[in-house]
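Right, I'll just put the structure down here and ask away after.
For clarity, chains are labelled A, B, C, D, E and F in written order, and residue numbers in each chain start from 1.
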Amino acid sequence: MTNLAEQYRVTQEPFYQPQANEVALYEAAYNARLPVMVKGPTGCGKSRFIEYMAFKLGKPLITVACNEDMTASDLVGRYLLEANGTRWLDGPLATAARIGAICYLDEIVEARQDTTVVIHPLTDHRRQLPLDKKGELIQAHPDFQLVISYNPGYQSLMKDLKQSTKQRFVGFDFDYPAADLEASIIATETGVNKADAVRLVKVGAAARALKGHGLDEGISTRLLVYAATLIQAEVNPLDACRMALVRPITDDADIRATLDHAIDAIFA
Amino acid sequence: MTNLAEQYRVTQEPFYQPQANEVALYEAAYNARLPVMVKGPTGCGKSRFIEYMAFKLGKPLITVACNEDMTASDLVGRYLLEANGTRWLDGPLATAARIGAICYLDEIVEARQDTTVVIHPLTDHRRQLPLDKKGELIQAHPDFQLVISYNPGYQSLMKDLKQSTKQRFVGFDFDYPAADLEASIIATETGVNKADAVRLVKVGAAARALKGHGLDEGISTRLLVYAATLIQAEVNPLDACRMALVRPITDDADIRATLDHAIDAIFA
Amino acid sequence: MTNLAEQYRVTQEPFYQPQANEVALYEAAYNARLPVMVKGPTGCGKSRFIEYMAFKLGKPLITVACNEDMTASDLVGRYLLEANGTRWLDGPLATAARIGAICYLDEIVEARQDTTVVIHPLTDHRRQLPLDKKGELIQAHPDFQLVISYNPGYQSLMKDLKQSTKQRFVGFDFDYPAADLEASIIATETGVNKADAVRLVKVGAAARALKGHGLDEGISTRLLVYAATLIQAEVNPLDACRMALVRPITDDADIRATLDHAIDAIFA
Amino acid sequence: MTNLAEQYRVTQEPFYQPQANEVALYEAAYNARLPVMVKGPTGCGKSRFIEYMAFKLGKPLITVACNEDMTASDLVGRYLLEANGTRWLDGPLATAARIGAICYLDEIVEARQDTTVVIHPLTDHRRQLPLDKKGELIQAHPDFQLVISYNPGYQSLMKDLKQSTKQRFVGFDFDYPAADLEASIIATETGVNKADAVRLVKVGAAARALKGHGLDEGISTRLLVYAATLIQAEVNPLDACRMALVRPITDDADIRATLDHAIDAIFA
Amino acid sequence: MTNLAEQYRVTQEPFYQPQANEVALYEAAYNARLPVMVKGPTGCGKSRFIEYMAFKLGKPLITVACNEDMTASDLVGRYLLEANGTRWLDGPLATAARIGAICYLDEIVEARQDTTVVIHPLTDHRRQLPLDKKGELIQAHPDFQLVISYNPGYQSLMKDLKQSTKQRFVGFDFDYPAADLEASIIATETGVNKADAVRLVKVGAAARALKGHGLDEGISTRLLVYAATLIQAEVNPLDACRMALVRPITDDADIRATLDHAIDAIFA
Amino acid sequence: MTNLAEQYRVTQEPFYQPQANEVALYEAAYNARLPVMVKGPTGCGKSRFIEYMAFKLGKPLITVACNEDMTASDLVGRYLLEANGTRWLDGPLATAARIGAICYLDEIVEARQDTTVVIHPLTDHRRQLPLDKKGELIQAHPDFQLVISYNPGYQSLMKDLKQSTKQRFVGFDFDYPAADLEASIIATETGVNKADAVRLVKVGAAARALKGHGLDEGISTRLLVYAATLIQAEVNPLDACRMALVRPITDDADIRATLDHAIDAIFA
């Protein structure tokens, strides 16, 4: 079991710059083992934050990217057929409950309902995971905690968590970092000069202003880091911005023109 | 069999404060082995009540969180492939029928119809569970009782129990506890001081008044307990309320503002 | 085979009070081995009647609760994997055809079409059940008879039997028993005094008058028996009626008020 | 193989009274091994005709009741897992092609497309059935013929044969027998007196006149035979008609009244 | 491998009468190993043409009737479970690629997308078939060629090939043969006298004129051959035409009357 | 492992003529191991470009044609049943991550969501692929890079990448080559004379002008190469153009006429 825990240990401190008192609040939630829901747009740093907290708390972290084809068995475990009969294989949620890991279910709303219902007994006073198919009832390790992420921008009538699921979590709101902080993140991660980092943040701000006016989401910090990486590799900044900040996110000719003009103006 | 029953025994008295004569009425229903349906909103204590009754009656309790991907086999049982052929594994419903447990099907309307129809012969004068795939007919243990929960707020044209299922149960209505009782529950469970417990109940009342006016459900007692837990962990009460009572339940800016104002006013 | 037949033998005479000449008509249909369709609302005694006739005729009875996830294999049989290869397991319909049982398919319209088509060769002059997957053709035992139940209230465009299925049966119509008979049934089954039995029948009549005016179905005899059982267990009659006759069948506030008033008036 | 053919041999001459020159035409089609499509309403004698022709031609007959859950494998065959690996099991279509049987696919439109496409190479000059999963190409036995039935009343936009399937068959139209012939069939099959047989045919005519005016299909000859059977068993003719001719086919109160009046008048 | 190729060799020259220069054009396409798409209505001779070309070129021919339930595995291959583990079984497409056959996918639009996408790497400069499940990359035999058929009359928004599939083929258009040629085909194939062959072609022309005016497709050459076959078997020509040319293709009373009149007039 | 890498090595330099600075930009993206998205219409050279870059960079290339029936297991891997139990088989994505290949997911939008979500941890700072079913976490080889292709013309509300997927890539836009370049490609690949190559490019331009006016997509360079191939095989140019440039892409009579006129005029 110890070896399994080591495999999921975060061994290097992830680069994370706090935006407010979220680190202290998370520690309070973890100490009470309250289930946590992190909310925010794509690429704003939700996963990085959880990875950072797992490092800081010294707990293993098991991440699962949820999707609509994932079944409860993918989380809980299943029997494998082997030479001498079947063998049970714990899924990531069962493993996390056994070894006392933080289990991070990324984009939980994408999963089917049986996946979300299966977490219920782990998120109330019982802290249990029934393995119905194995006839076993796992009592969660004292260190176990459940974390889910949730992008409100995707929330739709068809795909939303049920209130009976939502009301099992405390919530953290995330957003893109403030301009200064974001420029500092970009410069620190890529080595790009501060002036270009500031310019990229300005491009990001221009794109984020288009959210709801032709863009589903603004440009993430991740894409700004991509652009800075290309600039560091001596790609022309205009090419770098088009490759990293325009072409991946939209094919709409008008939006592309608007973004191109912004880039030309900012890097002029 | 005895060992199996022990595994599902509720060994510690759950914390439960009766709201009316529901304990006596449940005992009458159990004594006649009438199937029971408990109704009420998320997190108002339905599951806790059944757990308490199982403890009080000294009967094992097997809980199943229903979901739309659950099949009848998940309840009744299935064959597992093993080294020397297949082995039958009872599902939770078959186990409950054999050992004389209370079988609690949580949020039954979420299940597919084959799951709901499979309980019919257990809920009339026959008290039988046919294991068609095994060719066995289980005659339920004299102590067996079936309990289902049901959240009327979720009832829709597409997902409702059929009358031929409903008319097999006697019903209990549940709701959030009265204010005094709820404050007492919060204080007892978390150790928070009485004044803060009363304030949290007021926040709960404000949120519940929004049900149907932007909120699908009010705030559950469970979330109020979460907030109190964070306050006990020396989190600022305003932060604790936002984390536990606002962010998890809505992303609507207006509703959030309304709730934030209520929290500010109550904790001022 | 004899043992199998014994397992499905109805050993105790079920309590059944005839409403008209249905017993004689059923005997005529059975003697000609005509397939039988019993129609009527939930809980009016259709299943009890078939159980009674099986007892009276001294034939085994195999009951299957149909549902929309049931496949033809669930009725006919399937191969199981075992240590030394696969083994065929007869489904309930094949078993009934072999041992000469009455096979009762409850709520047949719920089943998928492959389930209903599979009964065709058993319901015409051939009286055969082809086990395509096994390569066997069962010639039904001379005592075999097929019975299906059907609730016209559920009939919809999407879920109705095809004419090519319907035109293979003779039909029996059922309804709630007349008032005197129903009161006598309630008193006999539960031991409740005649006056309370009559009052409960009046509550039933009040609810049945609401069918189509807010209730999908009236209150079944079964629920009236539940209420009488609770009264016999010294539960207050008003509580017993609310538990057994109001809460399980509707969450509509107006209908509940109407039913509550009726109960108050009748038990005043 | 011979034994297999014997199992499907029609050993007793089925009762069949020709309506026109259909027997000679079928023989011509069979002699040229043209695939045959028989069309007509429920219970008018399509299946009986094919059974009769199989008897007359002295060929084995394999009947398959098609349904929407039937797969191509159900027709063609599949691998079964056994103690020493997998074993191929021919489906009914492959069996028929090997032994030279008439293969009768009843209600073909109910089947999924993969079932209908699989018959194509058997119905053109190739007369082959590729067993793709087995890697074998069956060349049909010289005696093999394919017959399908088809109820035009069910034809809908969603469920109709494709022209590329239809244009592989020659067609026979069937309908209810003329009145005299039908009365003679009823009397011969059940022993009922001629007068009652004539009355039943009149009831049938009355019901068939309602087709398209509240009834999806008229009353089949089979149901008239049921009613005659009950009358022979000394059931009151009015009861017999209601059981066999009214209740199974409709729940519409107006149609039922119309039919009841017709029965009363005819048997007065 | 040679034996496998022999099994799919077309050993007898199929009867085929060219309509224009399609034989030379096909040879040019085959010599460059360009993938070929043949288009045209049901029963106009597309499959016969490919069979003829395979004979003429001396290449094996593997035909697959596509359908909407066919999976990529049905084309590519799958693992079979056997006594000593699993064994890979090539599907028809993999077999064709290995032995250098012409692989003819009949009615490709009926197949699911995974079936159509799987042919992409076989239809560009790569000429490869990746067996992902086996971890093998088949380099197609130099003689391998892919042919698909396509009925433009079935083309709908829901079921059409994607442009990225279409743009991998060169196309051949087919239609019913000209009158003289068609009469000669009918007479040659069935031995019917020339006068009757000409009459049948006239019936075909009358029916084809109704395409789009009540008929989805005209009458195919195949059905005309059926009618001639019956006439040769001494069936009355009017009966033969009704059986082969009217009943199989429509149940519409008006269209049937129109066709019947045409037949009466032509054979008068 | 080395052998596996060799199997996917591009051993011959693919014919590729750069259109702008895309080769240098791709090298910059590869050097930073940024995930790449290539966009553009069918047959414009996207796949050829990636193959060329893999050759130039000397890295193995694993291509997967995505489709809507592809599951995450098809990419990641699965257990195979063998004589002595199950054996894990890496999918193409896992293989690429292990051996340090460029993994090219062609037409990624066709895949189901579980396929697209599974690439997320490979496309951020983690560069990991969790094999949940095997309980292994692959750390990608330093040479591994992910490339996806994307045809904006297919983009629809139902089938589009989520922003959380898009924002993990830098983008390259592709289009048909300029006229001179395209004629040179055609002449070089097929040996056709320059004049005919120029004429074919003119036909292509005429067809591309119809995009959005009756054609979903223009004619690809690939089809122009097909036509040139046929001309080189001494097929009449008009026949060659009709076979390769008209019949495969449309059945619309008007569009066909327009294209035929263009071809006649250009080759006059």
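The rule is short, and it goes like this: a contact is a pair of C-beta atoms (placed from the backbone, for glycine too) under 8 Å apart; a residue touches a chain by one contact, two chains touch by 3 or more.
On a predicted model such as this, the values are computed, not experimentally measured, just so you know.
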* Structure fact -> Those chains that touch chain F and also touch chain B are A
* Asked: So which chains are sitting against chain E and chain F at once?
  -> none
* Furthest chain, CA centroid comparison against chain A -> D
* Taking all residue numbers at the chain A to chain F contact, is the shared part over half or under half, that is, same or different? -> different
* Hey, which chain ends up farthest from chain E, C-alpha centres compared? -> B
* Asked: For the two copies chain C and chain F, what is the rotation angle that overlays their Cα atoms, in steps of 5 degrees?
  -> 180
* Return the distance between the CA-based centres of chain A and chain B, expressed in whole Å. => 30
* Asked: When the C-alpha atoms of chain A and chain D are each averaged to a single point, how far apart are the two points in Å?
  -> 60
* Asked: CA centre of chain D versus CA centre of chain F: separation in Å?
  -> 52
* Structure fact -> Multi-partner residues in chain F (2 or more other chains touched) are 81, 83-84
* Could you read off the chains around the ring in order, chain E leading and chain F following? => E, F, A, B, C, D
* Where on chain F does chain E make contact in their complex? -> 7, 42-43, 47, 63-70, 74, 78, 80-84, 89-92, 95, 106-107, 110, 151, 154, 216-217, 219-220, 222-223, 226, 229-230, 233-235, 239, 242-244, 246-249, 251
* To do: Please give the residue numbers of chain C that touch chain D in the complex, ascending.
  => 21, 25, 28-29, 31-32, 34, 37, 39, 71-72, 79, 81, 83-86, 112-114, 117-118, 120-121, 124, 130, 132-133, 135, 137, 152, 155, 162-164, 166-173
